[in-house]
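Some structures to go through are shown next.
One chain, chain A, appears in both complexes that follow, with chain B as partner in the first and chain C in the second.
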Partner chain A sequence: MGKPAKSYVSTTNACKLCKPLGACLAFKGIEGAVPYLHGSQGCATYMRRYIISHFREPMDIASSSLGEKHAIYGGGPNLKLGLKNVITKYDCRLVGIATTCLTETIGDDTPMYLNEFRREFKDLLDSHDSPELVSVSTPSYSGTHMEGFHEALRAVVDQISRSGPRHSRITIMPGFVSPADTRYLKEIIGDFGMSATIFPDISTSLDGVAAVVYEKLASGGVPLSEIREMGASPASLEFGRTLDKAHTAAGLLENDYHIPCYSLGTPVGLRETDRFFETLSSLSHSPIPEKHEMERGRLIDAYVDAHKYSFGVRAVVYGEEDLVVGLTSFLAEIGVKVVLCASGGESGRLKEAVGSVTTDLLSEPPIVVEGVDFHEIAEIAERLHPDILIGNSKGYHLARRWGVPFVRVGFPIHDRFGGQRILHLGYRGAQSLLDGIVNAVIETRQEASDIGYTYY
Partner chain B sequence: MSATVFDERRNQIHRKGDTPFDLACDKDSLAGAVSQRACVFCGSRVVLYPIADALHLVHGPIGCAAYTWDIRGALSSGPELHRLSFSTDLRERDIIFGGEDKLYRALIELIDRHAPQAAFVYSTCIVGIIGDDLEGVSRRVEKEKGIPVIPVQSEGFKGNKRAGYHAACRAMFRLTGSGGTSAISAKSINILGDFNLAGELWIIRRYYERMGIEVVANVTGDGRVADLQRAHGAALNVVQCSGSTMDLAKMMQAEYGTPFLRVSYFGVEDMAESLYTVARFFEDLDPEIVSRTRELVKEELESLYPELEKYRSALAGKKAAIYVGGAFKAFSLIKAFRLVGMDVVLVGSQTGTKEDYQELYEITDRGTVIVDDTNPLELSSFLQDRHVDVFVGGVKERPIAYKLGVGFCDHNHERKTVLAGFQGMLNFAKEVHSSVMSPVWRFVPRHTTNSTPGSEEPASVPERLTAAGGA
Partner chain C sequence: MKAVKEEPNALGIETVDPDEVKQTLLAKVPTKVARKRAKQIVINKTGEDPEVPEIGANTRTIPGIITQRGCTYAGCKGVILGPTRDIVNITHGPIGCGFYSWLTRRNQTRPAGPDDYNFMTYCFSTDMQESDIVFGGEKKLRTAIQEAYDLFKPKAISIFSTCPVGLIGDDVHSVAREMKEKLGINVFAFSCEGYKGVSQSAGHHIANNGIFTHVVGLDDAVKGGKYRINLLGEYNIGGDAFEIDRILEDCGITVVSTFSGNSSYDEFANAHTADLNTIMCHRSINYVAEMMETKFGIPWIKINFLGAKACAKSLRKIARYFEDAELIERVEEVIARELPEVEKVAEEVSRRCEGKRAMLFVGGSRAHHYQELFAEIGMKTICAGYEFAHRDDYEGRKVLPFLKVDADSRNIEELEVHADPERYRPRKTAEDMERLQSEGFRFKDYDGMMPEMMKNTLVIDDISQHETEKLLEIYKPDVFCAGIKEKFAVQKSGIPMKQLHSYDSGGPYAGFRGAVNFYREIDRMVNSKVWKYIKAPWQESPELTARYACD
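For the complex of A and B:
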């Protein structure tokens, strides 16, 4: 039952985005970084528009703006010209260069061009405080935006981090989570009395404050000094049960610098969050701070208050694989019957990961499908008579067609306000997801009723 | 502002009154400059997008299709095939072995599933590189399925958005000439260059119908394949919007002798003038038409002006900036702002031509900055330097304005409000008003002290705010 009844050649309404978009988002979580696409102009502009519509924040992505002759003779000269311009105008600390389908297909050797650039433009680099140039290969024909995201982080660590005397700052790679999630993680770390680098950190760079003067480069993001020192961190925590350490930053730190890597599930819901807090507790040798124990207690209390509303509600969950795993774990805890877990990603691990967080809770495992688009999701889901749809904005048309409530989570949120502030992680995130889901269920019942009860 | 302008771009920016006007344009975007432009494919895609009963298949990797899914607010009165995003989603093996087979099978599959009236096949950058024979595959499918299958040569890197418009026009041109035209009236037009955002085309179409004119094809808002196929039967092409569909009008003129007129439906003046221009064209056939049109315009204005006056009194003297895709829209916007008493201090476009900019130069006031293919750094410095109250642009420009505490009006293809026609002018004023007059600007730590929109008193920024903002 792993695949739809029939597999299609074409893709209709993709449930994934392209690889460089993920890389740009990852770079955006580094202080003073400018994401840069080595490709033609269109890709950068499209991704900017897509990202801006979610975060409602400026999102500059530079581009080599390759034209026809570059596509034939190679994009090196334009890459260098573009880098020169970016460095001159943005005064950045890092340029994160992601390749695109075009430059991968014409066989541009980006790392080689960068080495040439470092030689040819030494004076320019010196006079601008030697910004780092990091490159990552992100042809979209292999992998989705999530692979691009993780590959970019790995490339940064690979090209910048160094070993050194051990310090006490742990590294947390939470995956692609919201600015609100990132802020909350920082709060938790602080409450444990620990220090941590949350990598990447888009909490301010993609959810900034009203400005007096326009910041060419949004403030916020992980300082380069912390990235350099990641090679001497006491531990790294990486969220995501479908990740393969061979392709992640934490995996690289473990392999090259022998930094112990704690691979955790994305902490959505009670039990995955418990695992996260227990890990922090053991790393910090301190108990879970009372504030968070209280939040946990309130969450369980709310689970109880909510249990009859949520029990047996048939849910379809889709989106990035690790988010799907986390959400499904949470939904299973509150008695929601997840009937379908779907993703455009193709890690090959989704089914196992969903199983590992739900087997003891669900009497019947959900159907789990990878590499599907919304056409296929609809086709499978319609046989399963869902009561609720949970995922990013792009599934709205299905909820509308089926007349079921729709709870928006993840990225992108293009048809609602405040996508950057949605909290998914931890006890607090579970609380807010719970409120949202229960209210969606109640609202549907209330609207469907002829009577219009005012107590539910 | 000089620190923010790239040397290579100096001649693409002009401040009226400084020096003789000679703006460079139509250049490739400068590498690394974060152009607000899109690509050839984007140009084709936006023009053809509203043809609602055609299949639009993007041949390429997933991104190009994913980012253009349901991207325009173009409404259809019937089928909505255009709102789906179809892609061949090319993978590594297709890149190595070629994507033709996948394209063929995808087309067959989707045509069987959706029974479209025609199919457009868009090529993207890598298709241009791997060299798939789109013509060949299209011909084969066309023969097998009996519907027109038309390749759109829109490899992203082969120029800018305007090249994409051209490719779209060539594709549409291939449809014309095949449908029956015997029932078409002598007083008939095609509406070119309106995309029926928020239902605008329907409003315009109703004006023409009230004038007694038959509309044959909408190009492309609420567009249909069969209408395009009969489009050569219309007596006149009425073309709005500088770049996008002008090429089609020219091709039709060359092939079928169909004359064309340029119009604009934005702003009261241009809207009325457009209807009069078309009326005059048909005056020989229908001597009454001009007076009927005058009647129509009068009726519309009588209800519009009193309403508009409310906004005008509040907005007079405020400053506006305009940055839009095509320059032609900018002309109308300048006039529209004048009508509500506002000054335009910055105007620019992504893809204006030499003639466009000359015309802009002529209709703007001294001191106005005119700019081609700008970028966020420049825009932000213009907005700050010129103390702009409201900025008209698209989604990518919005956060720049908002960050700086500047009002914003979305005039791009994603908007959901009618801005064309007489009613549109009122909506436009309403929208500008709702942004400019909002009380929120009072709380924004904007460093310009001499124009704080929305506050009556000569604004001064409280020290506390300036300090907190770290000015």
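For the complex of A and C:
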């Protein structure tokens, strides 16, 4: 699906962020890793302040701080000097180097510089327990933050994972989900009696505890040893119906190490979560733990109870493509009529993915648009008379203009508290989303009444 | 302004030897880094000797060192033009830069009416793709300008260049000229590529030069008001400019234009009709005042509305400039009306804040001006530094003739400005200026931050994340002021952190009411009990956990 009928060349109020930001988030989910941007220092500053405003946690991103001279003569010396300083200061386990528009445009050969660095600074690396240096190409003019996120994961696997004797730890690549989602996934895996590497894992590194002694490198994240052993994992699960295995970490594991890859939809709502639990059940050869069956049961009970509020509510959903697919699947289950699914991403697979999760439930599929901005979303949505808007903070102005309730999910959320703790996944996430959406609908009806009824 | 300075032994940090602290900060970093940083970490000396030590400033951040600084684009698009509501700002580049500068500062604005434009909540970008990088982005830029025009019919459109634009050689200025002619509205461009300068300061300069060249002077109509001033370097974070406007209005002083909090295109165009330029943030804008004096004959003075006493002093300074008994009297009335309430709160808050210690690492003038507010509630500033300032902001304008011009500064265009043949009009005769000065009135004065800080305080330029952590460990200040990037790292060290870029969600902090807001905010923070609960009761006394009733 292309752009809407009236198409613009320029972008007004983008519904996507830039590629290296996604890479930095992915690197932050690795234990002892420091994200490092090869480019102008402004990139690191901008992305830090943006990520920090959502998670309300420290987020260090180093930069090679290139100036005009380096833009002309190449950024190699600055890259190496920066690496030396980062390794000396942080005693890190990994430096995740993402390129930027600047260094991609001037054609810096980052992998070559890194090889030179490994030779020239062998002593330094040896004396700091040989941290890994991983690089990923992430020019912002090619793809969104989600491409950056997935390509960084793929680069890490490509450059670090090795084959070896098979172990029992499965790999789960949930995509860009919240720390709360990641913690919940860990709980589920534990309840199945399985062990898993959830990659990346930002559950602690971007949602840490209060402290009096500052940790230079936030604890948490996937240990390097586990990343190395991903090449010998019994299976990998990857969430996201719009992903192309040719560009994902799980696809690489399948291709290079013959690790079976289970491509699942992001488990938002009942049916996508059922598929996830079924997969875990079959991999672990054990039934769904009772605790989760009970949560599932309560969720369906809530679906029944909520139906009188949610049925027929017309929703506009936007954000990262895989989140949009998951949300649409869930909304269709609770009787919400999704009228528009929109994303700034352009995988070319969004329409098909939305179709595959809604055909059973909807007589009429929603309009699906890719590669759009909020201006275009507004133009289309206004003809569709939505009752509710669901997505990240950047859509606020549309909800305000239309006078409809706004349920915040995903990233970035910088006009509400607790974005990092929003639960989207699984039966529990669906329950939480359901309560939020139904209450938003009730609140709007209540506010619209002149009488002030208290019983709904 | 001497309210801040106190006796050295009143520092409360006498047990800490600043030389040792400096050595600790420089330890464990590569020798070359240490050598460079040593110049930017200075132990303040004041007292009998009026000279403060020299500090290294406005030099490039070392790669791999986590800095607070942003880029040239951020300074140009985000800081200076960000708070202007009715110019359509188009970011020419890939999507990130435009997205991250999409009203992320808490600049407030107040459109004149429902028909007044406000584009501040918009983010316009050419969203360059790979093909634009390869084949050039000028065509796309042209179309983007046309689309923005068709959608909004704005008074003006400006274009901001990001890193790739300069590298691939897009001529944004010729596109701007072409579209200006075609559309019949003002269209102008900024070559503010992120890699250009040392910090956002370069971007401020590029932005202000652009506004001066393309907008200031377009409207010669002298509008109403007896005492007409411009407020330069005030960005209306958290509504600061609204509070300043309220006070000035009460005094009968007219603000012709503010650069650039709550500003509009028409106000910029009319700025040259003012009779006095007053400067809040010296760093970001002093050169505009200089150029306006040369071209239009408007004198400038440094003022500061942060801190109730500083605010009163600044009002008196403006009144003194106009040498009008009516104004002087009116200003005194306003001060007499406003000050008692502020002092009452300051006294109450001081009971809980007296003697507590603050650190400020922010901006190009905020780290200086906020010391006034802390001093008014009895708090001491023990370490401070700027993110993007130059030596004159630390040591005073007397160092200006001695500043080294390096490749980075040469990169920023210095406009050659001459007296306007028709519109140059000295606001005061040379004799009057001289007389005022002989009476102690100071034009173009700024002594910088260091002369007003206590002896043995540490002054650190472009502080790094590592140095911040060390300072917190050593001094354990009662509050640390910087921006959101530092906020959570500081708080995870068990120390309250106040954002002085965006004010967290607070403000205004300028003016009289702003001072009250700030006192209360700091009182809330430095007296918070939350840090005491980090250790659970059973962690405090481990033996208790083992003693159960059933044992």
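Throughout what follows, the second predicted complex is superposed on the first by the 453 of 456 C-alpha atoms of A that agree within 3 Å, B and C clash if a C-alpha of one lies under 4 Å from a C-alpha of the other, contacts with A are read in each partner's own complex, and residues count from 1 in each chain.
Keep in mind that, in the parts below, a residue touches a chain if its C-beta (ideal position, glycine included) is under 8 Å from a C-beta of that chain, and two chains touch if they have at least 3 such contacts.
Predicted model only: the values in this text are computed from it and were never measured.
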Combined model on chain A: chain C and chain B, fit or clash: clash
Contacts of A:64 with chain B and chain C, given as first, second, both or neither: both
Which of chain B and chain C A:16 touches, first, second, both or neither: both
Which superposed partner A:366 touches (first chain B, second chain C, both, neither): neither
Contacts of A:48 with chain B and chain C, given as first, second, both or neither: both
Which superposed partner A:231 touches (first chain B, second chain C, both, neither): neither
First, second, both or neither for A:83, with chain B first and chain C second: both
First, second, both or neither for A:175, with chain B first and chain C second: neither
Doubly contacted residues of chain A, that is, touched by chain B and again by chain C: 8-14, 16-18, 20-21, 36, 39-50, 52-53, 56-68, 70-71, 78-79, 81-86, 88-89, 100-102, 105-106, 139-142, 144, 208, 210-216, 394
Footprint of chain B on chain A - complex, ascending: 8-14, 16-18, 20-21, 36, 39-50, 52-53, 56-68, 70-71, 78-79, 81-86, 88-90, 100-102, 105-106, 139-142, 144, 208, 210-216, 394
Touching residues on chain B, where the partner in the complex is chain A: 4, 6, 8, 28-42, 57, 60-69, 84-92, 94-95, 102, 105-106, 109-110, 125-126, 128-130, 156-160, 376-377, 380-381, 383-384, 394-396, 398-400, 402-405, 443-447, 465-466, 469-471
Chain A - residues contacting chain C, complex: 8-14, 16-21, 36, 39-50, 52-53, 56-71, 78-79, 81-86, 88-89, 100-102, 105-106, 139-142, 144, 208, 210-216, 344, 373, 394, 397
Touching residues on chain C, where the partner in the complex is chain A: 28-30, 33, 60-74, 90, 93-102, 104, 121-130, 132-133, 140, 143-144, 147-148, 151, 162-164, 166-168, 194-198, 200, 407-408, 411, 465-466, 469, 472, 483-485, 487-489, 491-494, 530-531, 534
